[in-house]
Each structure stands twice: as C-alpha cells, then as structure tokens.
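A, B, C, D, E and F are the chain letters, set down in written order, and residue numbers restart from 1 in every chain.
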Amino acid sequence: MENKEIWLETLITNSPQEGRELAIKMARKSIATIQTNAETRNNMRSDYANDTAQLIASANVIAIEFQTIAAANNYWKKQ
Amino acid sequence: MENKEIWLETLITNSPQEGRELAIKMARKSIATIQTNAETRNNMRSDYANDTAQLIASANVIAIEFQTIAAANNYWKKQ
Amino acid sequence: MENKEIWLETLITNSPQEGRELAIKMARKSIATIQTNAETRNNMRSDYANDTAQLIASANVIAIEFQTIAAANNYWKKQ
Amino acid sequence: MENKEIWLETLITNSPQEGRELAIKMARKSIATIQTNAETRNNMRSDYANDTAQLIASANVIAIEFQTIAAANNYWKKQ
Amino acid sequence: MENKEIWLETLITNSPQEGRELAIKMARKSIATIQTNAETRNNMRSDYANDTAQLIASANVIAIEFQTIAAANNYWKKQ
Amino acid sequence: MENKEIWLETLITNSPQEGRELAIKMARKSIATIQTNAETRNNMRSDYANDTAQLIASANVIAIEFQTIAAANNYWKKQ
C-alpha cells in the first residue's frame, strides 16, 4: 500500500525554506492518496501546471499546510 | 443510522503521519454525511480523482483538518 | 422568524464526534439563513449531493467550523 | 458614505448564536462595501440564494468570520 | 514603483470597524500588486461587483485578513 | 535546481508592509515550484492579471501567507 511508507515523521524542519518544501510535499501526498495511480497523476500534470486558476488553488493549499508547519516550528525563532 | 457509528473518539494520534490519515478520514466522513449513499459515492469517485481542480480542492480540506489535528497533538513535540 | 429559535447555546460538546455533528449543523444553518425557504433547500439538495466539487466545498466549510469547535473544547483533552 | 455608519463597535456578543448573527452581518457588510448599490444587491439575491455552490461559498465566509468572533469571546466559556 | 508607497505601517486600529476597513484595503492592495494598471482595474470592477460568486470570494479574503488584524489588536478587548 | 536557491531564510520582517511583500513572494514561489518554466509563467500572466476571479483567489493566498508571517512577527507589536 503506497501510503504505508513512512513519509512524515516530524513537522520540525531546520529552516523556513525546508518548511516550504514540506508543505509542498504534504499537498502532493494528499493528492496521491486520492488519485493513487502515479501514471495518471503524471498525465494530469499539465492540466494544472498550465492553468493559472489551478496553480493559484495549489498555492492556497501550500499556504495552509505551511501555517501548520510554521506554528510547529515556533516560526523558527531563535530562543 | 450511518453516522451513529463512533468513528472519532479522539484527535490524538501517535505520529504526524497518523494525523494525516485522520485528516483524510475526517474529510471523507464529511462527504459521506451529505451524500449518504455509498454506491453513489463510489460511482462519483472518478469525477474528482481524475479532475485536478477537485483533487486540489480536496487537498485544501485535508490541510485544514490537519491544522486542527496538529494543534490538538501540540504538533507531536516531545515534551 | 426561523432564526429566532435558539439552536446554538454552547460550542462545548462531549466528544470530538459530537463536535463534528455541531460543525455540520452550523454549516447547514448558515445556508438556511441565506436560503430561508425549506422546500427550496430540499429541492436543491441533489444539486450538491451529486456534485463532487460541491461536496468537497461543503467539507471545506465543515473543516473550518470544526476548527473553532475543537479549539473551544481544548481539543477534548483530559486535564 | 454608507460605510461611515458605525456598525461594528465590538466583537463581543452575549452568546454563540449572537456570534453567528454577527458573522453573517460581517459577511454581508463586506459584499455591501464592494457592491454599494442596495437595489443591485437585492436584484442579485436570487443569483446566490438559488445556487448551492454559492450558498456553500457563503457558508465558508461565515465560518471564517465566526472563528474570529469565537476567539474574541474566548468561546463563550464561563470563567 | 507603485508599491514603494508606505501604506501599511501598523496592524493596530482604534476599533473593530477600522479593522474591517484595513482588511478591505489589504485585499485591494493585493490585487493592485498583481494587476498594476489602475485603469485596467477600474474597467474590471463591474466584472466582480455584479457577480455574486466573486463578491462572495472577495468577502472570503476580507474575512481572512480581518482574522489577522483582530488577533493583532487582541480583539480590541479592554485590558 | 531552481528551488535550491535559498530564498526564505526567515519569516521576520522589519514592518507589516515588508510582511506583505514576503507573503506575495511566498505565493509566487509556490506557483513557480509547480510551473517551473519561467517563460510559461510569463506567458500565463495575463490569464490571471485580467481575470478578477483569479485576482481574488490570489489575494486569498496572500492573506493566508500573511497570517503566518504576522504571527511570526508577533504582529510587529513593540514589546
């Protein structure tokens, strides 16, 4: 089962930028959980990569995931 | 009554990844509460699994549910 | 006046699952406040119950309402 | 100027239900600020009151406004 | 450069209603940053002012911006 | 690899307005991560800059990103 791989052990990252990368990964994993066929996902890629409305909607998801990650990391503030 | 099954006893999970799984379950249960016919839901599955805009919208829901779960778990930080 | 019934006395619920039920109720009440005709609402039901995009949008609303309820209940943590 | 009327003196309400009413008022005021013509707004009412997708989108706005109001009221918890 | 004007010195406002006004300003500035031509923006105004779906989407943005402003102002609670 | 440039070292900014600029940058970087071809992105620019629905959706993303940045900066309150 694809989702039984452990891909999310922690929300803690070394930097805000790594937090962005994790946010993108989380968004992608959500989609892969619903559309489990990797080839189908690849074939659909141009559907959204060339549609600005869908690109903006994707950015909305990333922004929400990043909120969670940023809070988990206490905004990467030095203590 | 379908919804009388107890499916959400706690928001606490052992790991972030289990938190993701719970977020997905919560999103699915919302849909099942509105469209109560399981066969209809199955028949509609390809409507969204093959539509990138709907996959992205689904990821948006999962991201919001996960925010709640992550906060409930204090972001799975070791104390 | 429909909305003068008292339907929301508290955000506190006994369990997460009751919190989900309240979230769904809150979403439905919002719609009933705008479309006040119950028969019209019933007639429109198939419009969204059979449209996956609208089911996903409904799940988005439920997820947001649940965030509020979960915070109000301190995530149902034992103290 | 329509918006110079003072309509939002406080976010504090006596009950969660009054908080819902305020959330709805806030959403409506946002729309009235953009579409300032009351007659035009009235004429457009059936556009969204009879369109489930727009009713759901409206419920999304109300849910977000209510989050703010609920936090302001400390979720109406007795202290 | 249009955006070099200083238009956001603080998130603190004297009242919730001024907070609403700032939320609307922030939403408008976002749009002006992407569509930098003021005449084009003016010409597009009827596109959304007469489209209820877009009015609702605008209200969604205002609600999110207001969440931030309300938190910044500690919900305008007397201390 | 485009994304290996370090573009997000911190969420801390000197002012709310710089926070807005960072929010816009974060939204743009999300889109650039999905549509990696800069020329394609430039060609698509008029797709959303002239479509009010997409401008509003973009403003929604910026509002969410700004929430995170504002929290990270403790709303730029003097301590």
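Quick note on the criterion: a residue touches a chain if its C-beta (ideal position, glycine included) is under 8 Å from a C-beta of that chain, and two chains touch if they have at least 3 such contacts.
Here the structure is a predicted model, which means the values were calculated and not measured.
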| item | value |
| --- | --- |
| Separation of chain D from chain A in steps, with touching chains one step apart | 3 |
| Chain A onto chain F, rotation angle from CA fit, given as a multiple of 5 degrees | 60 |
| Self-contact between copies chain C and chain D, residue sets same or different by half | different |
| Farthest-lying chain, centroid of Cα atoms versus that of chain D | A |
| Distance between chain centroids, defined by C-alpha means - chain C, chain F (Å) | 32 |
| Chain C and chain E: spacing of chain centres that average the CA atoms, whole Å | 27 |
| Between chain C and chain B, distance of the C-alpha-averaged centres to the nearest whole Å | 16 |
| Where chain F touches two or more other chains at once, by residue number | 48, 53, 57-58, 60, 64, 67, 71 |
| Pairwise touch network: line, ring, star, complete, or other | ring |
| Ring path (origin chain E; first step to chain F) | E, F, A, B, C, D |
| Contacting residues of chain D [partner chain E, same complex] | 3, 6-12, 26-27, 29-31, 33-35, 40, 44, 47-48, 51, 53-54, 57-58, 60-61, 64-65, 67-68, 71-72 |
| Residue ranges of chain C touching chain B (in the complex, touch as defined) | 15-17, 20-21, 24, 48-50, 52-53, 55-60, 62-64, 66-67, 70-71, 75-77 |
